[in-house]
Each structure stands twice: as C-alpha cells, then as structure tokens.
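Right, I'll just put the structure down here and ask away after.
Note that the chains are named A, B, C and D in the order they appear, and that numbering of residues resets to 1 at the start of each chain.
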Amino acid sequence: VNDLGLAHIGHAELLTPFPEDSLSFFVELFGMEVEAHEGQSVYLRGWGDYQRYSLKLTESPLPGLGHMAIRARSQDALERCARTIERTRLGLGWIDGDLGHGPAYRCHDPDGHLIELYFETERYEPPPHLRPALKNVPQRYVGRGAAVKRLDHVNLLAADVAANRRFAQEELGFRLYEQIVLEDGSEAGAWMSLTIAAHELIYVADHARTRGRLHHLAFFVDTREEVLRAADLLLDAQVPIEAAPSKHAIAQGMFLYVYEPGGNRVEVTTGTHFIYDPVYEPVVWSEAERARGQAWGVKTIDTFHTYGTPDVSGRATGPPIPPTSRVPA
Amino acid sequence: VNDLGLAHIGHAELLTPFPEDSLSFFVELFGMEVEAHEGQSVYLRGWGDYQRYSLKLTESPLPGLGHMAIRARSQDALERCARTIERTRLGLGWIDGDLGHGPAYRCHDPDGHLIELYFETERYEPPPHLRPALKNVPQRYVGRGAAVKRLDHVNLLAADVAANRRFAQEELGFRLYEQIVLEDGSEAGAWMSLTIAAHELIYVADHARTRGRLHHLAFFVDTREEVLRAADLLLDAQVPIEAAPSKHAIAQGMFLYVYEPGGNRVEVTTGTHFIYDPVYEPVVWSEAERARGQAWGVKTIDTFHTYGTPDVSGRATGPPIPPTSRVPA
Amino acid sequence: VNDLGLAHIGHAELLTPFPEDSLSFFVELFGMEVEAHEGQSVYLRGWGDYQRYSLKLTESPLPGLGHMAIRARSQDALERCARTIERTRLGLGWIDGDLGHGPAYRCHDPDGHLIELYFETERYEPPPHLRPALKNVPQRYVGRGAAVKRLDHVNLLAADVAANRRFAQEELGFRLYEQIVLEDGSEAGAWMSLTIAAHELIYVADHARTRGRLHHLAFFVDTREEVLRAADLLLDAQVPIEAAPSKHAIAQGMFLYVYEPGGNRVEVTTGTHFIYDPVYEPVVWSEAERARGQAWGVKTIDTFHTYGTPDVSGRATGPPIPPTSRVPA
Amino acid sequence: VNDLGLAHIGHAELLTPFPEDSLSFFVELFGMEVEAHEGQSVYLRGWGDYQRYSLKLTESPLPGLGHMAIRARSQDALERCARTIERTRLGLGWIDGDLGHGPAYRCHDPDGHLIELYFETERYEPPPHLRPALKNVPQRYVGRGAAVKRLDHVNLLAADVAANRRFAQEELGFRLYEQIVLEDGSEAGAWMSLTIAAHELIYVADHARTRGRLHHLAFFVDTREEVLRAADLLLDAQVPIEAAPSKHAIAQGMFLYVYEPGGNRVEVTTGTHFIYDPVYEPVVWSEAERARGQAWGVKTIDTFHTYGTPDVSGRATGPPIPPTSRVPA
C-alpha cells in the first residue's frame, strides 16, 4: 500500500461561460445549496458534504476544470506530500487557501490540470432553515431536484494516461483499481481511489491531444432509484441527456450523463462497489471487452469518447446535443 | 359485478383551521401545484392528475373532510346514479358544479360525509413552465418535496361501518375487496374500489361515535423508494410522523403517515396490488389476525385507532404528536 | 365507454422449439412456478397470479404465440361477447376449456392470432410450501430469479394494425390509450387496455407481411429496482439482453427485453401509469416523435422493429443476438 | 489518524446448535454459497466477497460468536499489530491459519470475544456455474433469497463498552465515528470502522453482565429496496422478524433484523453514509436522544436491548419471538 496521507477529493472548481445558467442548474436541478459568493465564483454544496462546499463554480470564457482539491489526512501528511511533489517539475508552491480551507500546495498533473492539496478546513455549520433532524448528518435533506449528496469523482482527459496515472499513484497515493489497456500496450483509462470507494479520480485518453481538459464531474446520490428519478426530472427540465441511466461495466456504478448549461458534462451516480482488499490486483480491460459496451450491453455513446471541456471540435457552441434529446432544437 | 357507472374518486376537500400552514405543507412538502384560488379555498394538484386538481383545501374552524367527489363514467351514468340515490333519504340534490367540473349531485353517506358525483370535467392544461417532455403525462415532473402524483384513496371514519359499506357498494357501485369483521360479527373496516386498484374508499370504525369524520387522505407516489425518501424529507422538515414507512397487511400498500399542520392525517402511499378478478371474493380479517400488526409485524400505532378529524378527544389542540417525533415540543 | 364485459387477459400460450431450455428459463430465471404438466405443455404462474397460471408453454417446431386467453366479467358477458364475434367471419366456436378454466369461445383476430374467451376459472390453491404469510396474496413470495408477479401484457405483430385495433375495441371492448400514426395516416401501433392499467394488448406493425406473429410477452414486477435487478441476474445467466433497462415513452413503463431460449422476446416490466379518465382521448404519436427514442432518449433498438416469432428473416436459427451481448458467440 | 495497518473485518464465525437449519437459512434465505465444509464448520460467502468466505458457521451447543477475523493491510502490519497486542494481557499467540487464509494472531478483546488477525488470503475463484459476466466482480449474481453481498459489520455485547472501545481504537486502529454516552458518563455504545464505511465493529452494553456475547452480524445488500424485498421474502418463509425494515438514527443504515434458526440475531443492511473526514469528531448521543427511537421515529424494540447470544435469560429455548410475528406459535 502506497499510503501518502491524502484522504479524499474535497472539491472541484468548474468553469462556465454562462455562470447564471450554470448556477441555476446546480441549485434548482441538482439541488445544491449556495454556501458563499466570492468574486466570480459561487461555492455550492450537496446535503451530505461535511465541509462547506464541494463545487466551486467560476465564470470563465471557456468551460472546463478550474482545479481539483484534495484533502490530506493531517497537516504533517500535507507537508510531506508537498515536499515530494516539489522534487518533480510539477510543483507550483503554496497559496494561503481559499474560502473554507487553509493553506494549500498547488501543482499540475502531467497533463496540466491544476491540483490543490490542503488539510485545514471549515466544517459546515447549517443556518437554521437547513438544520437536520439527526445530528450525524451535516444538513437538512430538502430533496430539491436531483438532490445530489456530494461530489463523488472527477474524470479528467489526458493525452498520456499512463503518465498521469503514475503521478496519481506515486505522488498522491491513489490506488489503481481498474484500467483499460489497448492491444499496443498503451493505456486508455485508469480508475483510482484514495478509499474503498470504487473511484475518486479517473483519467481517460484525450484523442484531441490538447491538455488539461475535463471529461466530467460526478455527483453522488444514495440509491439507483434516485438516478432514475433524476432522469425523469432532467428530461422534463429540457436538460440534454447524453446517456440515459444504466450501469457501468467498469466500477459498476449506476450513471446518468447530462450537459450543464456551461457545456460541461456532469454525472449523477451511485454504487456500492467497494474495494476492501488492501492489495487489490487492478482489473485490466481490453479493447475487445470495452467494445461490448456498458454492463447491461448498452453501447457507449460516441460523444463520450470525443467530447470534453473546453471543446476543441470547432463546433460553433455548446455540447453535442444528442439527436434523441427532447430539447427544442 | 355491480357496475353503477362511477369511474373513480376525482378529488377530496380537506378542511383546515390553519390554511396558510396547510397550503405551505401541500406545496412545499408534498410538492403539489396550486391550480386556482377561490373564496376560502385553494385547489391543488399532483403532477399525475389528468383533471385540474385532486385536492381542495378550505379554511374552516375545525379540520376534517369537506366533501369527496366521484367522477361518473358518462353523463348518463351520473344521472342514473343520482336517481338511485334520490330514492334513499340520503340525496341532497344537484349543484351547478365547482371550479373545474360541471353539474354535481350531492348526497350524504349514512355516516354523514358529504359526497358529490359529477361527470363533466376540465382536463388540465399546463402553463409553459409546467409542460412535460412527453405528451402522455399531464404535467412536468418537478420533483419538489414528496412529489405526490395524485390523490389515491380516502379513508373515512364511520360509527356503523356495515351501513356505509353497503351504501358504497349498492348505491355507488364500489367493489368490496377486504374487510375486518370482529368476533361478534360487527364490521370494523371495509376496503373498496371502483377499479383494479386495491382501494379507493375505506371505512373504519369510529369509536368516538361522532359522525362524518375523516381518518386520512392518501396520496400516491410511483415507488417504495419515494415513500422512504418522503420520510427523510418530512423528518427534516419537522413534520410529526405518526407511522414510519412500512407495509400494510391489508391491501399490501407501502405507507407513511404524518399530520399536516391543520391536524389532518395524510398518507404517502404506493403499491401495485391489483384485483383483476371480476368476481373477487372479499378477504375477511379477524381481530386476532389484525392483532399481528402490519405486514412485516410492525404493531399498528394506537393513535391510528383513536385519532380522526375533527378531533373529539378534548385534547387542547392539534394531533397527538408521537413521543418519538423529532418535532420540538 | 364501450364496455363489452371482458375483464383482463388471463393467460398466454407461448410456443417453443426448445421446451426444456424455455422451461428452465421461466422457472429458474423468471422465477415462475410449475403448476401443471399436460401433453406437450407446462402451465406456469407468477407469485401474484390469482388463477392457476398465466403462461402456458408448449413445445412446437417454431416459436411464437399459441393463443391468448381473455377472462370475461361473467358468464353472461362471455356469451354476449361470443354472439357478437360469431357475427363476424372471425369466430371459431366453443371448446370445453383447458386446464384450470371452463368453456371458452375461440376466434381469430384479423391478423390470425388465436384468442380464447372464458369466464369460469379455478382460483389458485397453494401447496403447503408455497403458502403465503398474508391471506390476501395468492402465493408465497419466493423471490427466485426475476420473480415475476404475473403476465402483464401481450404485444402482437399485425400486418394491418388499424384493422386489429378496431377489432379489439369493437368486438372485445378494449379501450385505446395510445397509438402511433404515420404521416400517410397509416397506423403503426396501438396500446389498449381493459382496465386502468396502461396497456394489456398492443398491436405493432409487422413489416414482414406475415400473419399471427408475436412481438413479445411482458411480465410484471412491482418496482423499477426489480427491473434493474433482473438485468443483473440475466446478464450473469448469459441471457441475451436485447434492450437494457430504461423507460418507455409510450405508456411510461420501465422495460427490460431479453430472448428466452425458444427465441421469443420477453419483457420484464413495471409501471404505475394508470388511466383513470373514463373517456380518455387517445394519445397519438407521430413518426418524428417516435424517432426521438424512448423516454430518456435511448434510441429504440433496430431489432425491436424487425424481429418477431416465428422469425421470417431467413436467419439460420434463433434471435438476433446483440453484438454487445456478453453471451458466448 | 491512528493507523495500525488493519484493513477490514474479513469474516466472522457464528455458532449454532441447529447447524442444518442455520445452513439452510443462510443458503436458501440469505442466498449465500457454500464454499467449503470442514469438521463441524461450513464456510459461506456472499456474491460480493473477494475472499473465499465471510461467514464460518460452526456447530456448537450454544449460539453466539466463535471468532471475528480482521485482515491486515500487509504482513508487516500484521506482525506489528501482533507485537503491540502481545504487550497486553489479551494476546493468545499465533495459529497456522484456517481454510482460505494464512497465519493468524489470536487475542481476546477485554470482554472476552475471540479475535483473529491475518493477512495472507486466498482470493475467490468461482466454479464455472458461478462465473460472473463482468470480470470486476468475484461471483455471478444468482439473486437467491435476500442475496446478501458480504458480511458488513459485527455488533458485540460488552459489559464495559469503554474498555472494549479503547482496545479497538488503540490496539486495532479502529476509528470511532459515533457513540452513546449516558448521563453518568458511562458508555452504552460505540460505532467504529477501519474505512469510510459508517461502521464495521460495534460494541453495545450487555446488561446481563456476562462476557463474550454477540448482538448481531449484519450482511450488506446494495439498495434499500433489497432490504424491503428481504422482509417480503423472510415473512413468507416464516422467519421471525424482530424489527421490520426502517432506518437507523446512528450511522443512517437501513435495517431488517431477524433470528436465524440457531437463535442468533442477523441483520440485512445497506447504506451509503461515508465518513470521508480523516479527523472526524465522533458524534455523541445522549440517553434522551436515543429515547426518540430510530431515524423516522420507530421505537427501538425492547428485545434489542436485552437479547444476545448465548441467551442468559433462562428462557427455555430460542429467541424471543415477537408477538406480532406470523410464525406459528
């Protein structure tokens, strides 16, 4: 076990060229709460987040990932981890922190995504109208929209999956649970986690050969029924559904993929595929196996392999709306 | 088959001494939409109602049932049914109609509950913000609160269950599916329906020996998971839960019972126990069988046998808040 | 309301060239119980069937539908209905009955499917090991495999949908709830029911211009979760999945389509889209609307429009196994 | 973080005076597979266990816990942990291992429960009829009975909760997530975990002042619907239900408690209440808070506070069958 002392992904920053529409999407349709506004950013939380937020939504000319932040298990672990990364060419140095958390060490992954590591954090204190009935949950369950509980995982596009996978394992202490390896030996995807959860960080191959792009952010709900319910809700809200609810072969999660108004792909997910084995042998999928589609045989949708944010397809604007979508043309 | 031409219960009128709080409850927590205001009444609908509303909420000094309205299968059937009832001492005569429906014949059941029969009705036309994606559903699924779909059934207290059960069967054409008969031969409950649905109208014994009281109104959701989710929501909203989600022995429905702010008991229910047999032999439960509790052995809560609206217990105000409720005393 | 006195579809007879494999499929994977063997047939039941069986499985050189049987609401209604059909060229006359039910009147629909109408029936009496805990359900819930509750609906291919739809409405009293009408005015599908259930009998266009073919039989489960669970089970049992769980636009049912070993398409379905309106205006879908796929945007799989039993494609044997299926080639 | 290098509870040994009945219960009703027989023991697995088994069922004059086995994260960690325990009076020494795993260090907890620590283990290799369709799950999902996935947690009775809680934290590295502390400062319960899962090991007060008793073993299913379905199944199988499905306040899990034929209490559970905070402040519940019952207000059943195995109540035989149970007296 390569245990470098990081605990879990604490939050992600999503960039959007349409901040008001994106905010409305995450509040009304994903059911998140606004915890704070600051500058061009809004900080949003799911009802199960123990920290103040897990999504920072920031206005930007193009969509994509601002940064991803990982919480360390202690201040010592944070400093140890920072020193290790400093020895690579990827370290960027310390910042004072951000809303809700203390000093953070910044670095890039090899593909150029911005990562922050921090330990000190503010635990969420709900205002009276969001106080829960039970003291072991952080916030009242209001149930608005899809009512996502928290950020679940981050899926990043990378020109060189293997290099980023190694960085995540060796410098950040992620454990590799599943991967796709093509016949020529090149890696097309890597599913990694800091915990027993089936995945927290995923790298998949970016065929566009650009850098630092986002594939999707995934938000957790407790049950498969909530994923189906989210599809009912988002359909009627005229949100473009890229992939209807079904079950992933890799990591066994239930999924629903849609585009938020900024053009970023976001997922509603759930699953209880836990990896208890401390010395788990990663599962390796071949091209032929992946061609069989998702768990129940649903063919993986083409755009899933081609679209990321920012978009580099030359398409005038916005994500590739599925032809079967019920969104007005 | 005693088929007198009535189709289904179209709506119920609920009386409340706290109309603003009750309205807020049905809109914010049960997720109903306000279709119209008129006089002291608000007309509310679930997302699955094909008519304009299924709940009429009316300000009144005491809680309870205003009236229950049953839609006939045709104008002919309505008039035929009215003529039959006119021959009993229970007929009250025709009214011009109410918001959303045409002429109605009014009568009492033997216990004194007010019943209206009608045929002509307005089908729901959603405003733009409530238009659904699919044309075979009446309204957009917004998913607010428990997001009840429609009124499901009406449970009335009656001093003489047998007399009211006979009235419903003989004058209204309800089919009897289940009943409780005590050792002395007296009837303690009757579960009846106009369709294959397991129940639409229920009479249970009123030990208070008053008349015209309401036991509860039940609202339908599509899945058992939504009943559990409703409990999560209502718990955090500090709504007093009389009976947590479990499964009824009689009629096999999943249930959750709470008190709305007016003091009336309301249920979130689902179930797919259909009675396809056109000559079904009613299931008769004995006292001993009922003493075994609900389907999975949960003891039926005492207040379920004693509380109705209006309350006649002499309690100062409001329903008997369960001692285990997390509502501030 | 055109009420001709039929109650519901009581059972269907499925033909199979591989009777042992088909029997094993329905018992082990769909979880049905064998109620009786007779001649080349086995009679099977879901745990919720109030009659002895809802599926008669019969050995035959080719797969397809043997017959479909509809129960009348009374002996009078049966005889009245038979006299009406006798006046058309489609009546075939009375038979003495079959295992579990009394005299039946046989006829063809215009496409040549064999239909039987009956009233007298034997209610199921469970043997000791299948006695349920609650007296209002017919059988113990064993939960084996997908544990289907009962036959839900029958979907028939027809060269002339309109003619068969009219026959079902006018001679059998079915109510039309939804239909597909092409731009040239021709009908491509009709969804009909004898009850508030969203469909019991469906006709869809048979492009093969043969007669009397079966599209699929659908079996009911109580919840959407059970449909997902069935997919998990059938995947691991190497059953070819034609269409993974998703939600129909028409009739709003949750679906899962697989091929049983005889080559017939069978569905696991659930849904609580009830039609309470006694004078419902049928929903008409256009070609363009259907091109948008199922409810959540899943494209309808091609074989769904082309494959039926018996197969007339000239394919050597068996159904068109999906390329994404995990069944060994 | 007190990280002593243990990974998770690997299996538990349950003692039963009625081994054949208990075996039939775990195979037919909980849906486990028999992996091996050896001596007076049968080794059983859930479909999600990555090791060969998670339940060892052993014939014994009295019911209760044989031992609980915890897997270390490495051989080094195992040896380090053993050395630490050796310094207390609770170490018992090494054994060669048991079926499916290597050398184990044995000790008692302060209450006298037998604990084994091991690292080397055999991963499950399914026989052909239990091979799954997807390579990242260990076994085919057959779906028999409640179809439990794996052992989830172990709940032990202890005369001195605080002493055992400290032992688990300090010697075994468990993290304390929730506890009950009475007004006099004494501890009545402790919920602990080695992972982000809400609990793996629980101690609750044993008022009988005996030692080494078992409160219950809990087995995991993926969804709340499966807990409800298990209740339907077990009801019809005449298994005594101690507590019908509902939701725990502590740790937020969905529960169903029954007695297996040996007299031991077993639970079907699910939940996704994860503790991601690496320096989580344990939630402390008071007597008054616990008196409010479970999450949705269900009063905790009396026997839950009084019954454990072996039973010391002087009752002639077997568990306290609930009066509402539908099991024949």
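The criterion applied here is as follows: contacts are C-beta pairs under 8 Å (C-beta built on N, C-alpha and C of every residue); 3 or more make two chains touch, one makes a residue touch a chain.
Just so we're clear, the structure is a prediction, and the values are computed from it rather than from any experiment.
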When B-C is set beside A-B, which has more C-beta pairs in contact? B-C
Chain centre separation (chain B, chain C; CA means) in Å: 33
Between the Cα centroids of chain A and chain B the separation in whole angstrom comes to 44
Mind pulling the residue numbers of chain B that touch at least two other chains? 134, 223-225, 232, 235, 295, 326
Examine which chains touch each other and state the graph shape they make (line, ring, star, complete, other). complete
Footprint of chain A on chain C - complex, ascending: 224-225, 228, 231-232, 235, 241, 244-247, 254, 291-299, 322-326
Note: in the complex, chain C contacts chain D through residues 132-134, 140-146, 223, 225-226, 229, 232-233, 235-238, 326
Touching chain B in the complex, chain C uses residues 1, 3, 7-8, 50, 71-74, 123, 134-137, 149, 178, 195-197, 220, 222-225, 249-252, 270-274, 276-280, 283, 285, 289, 295
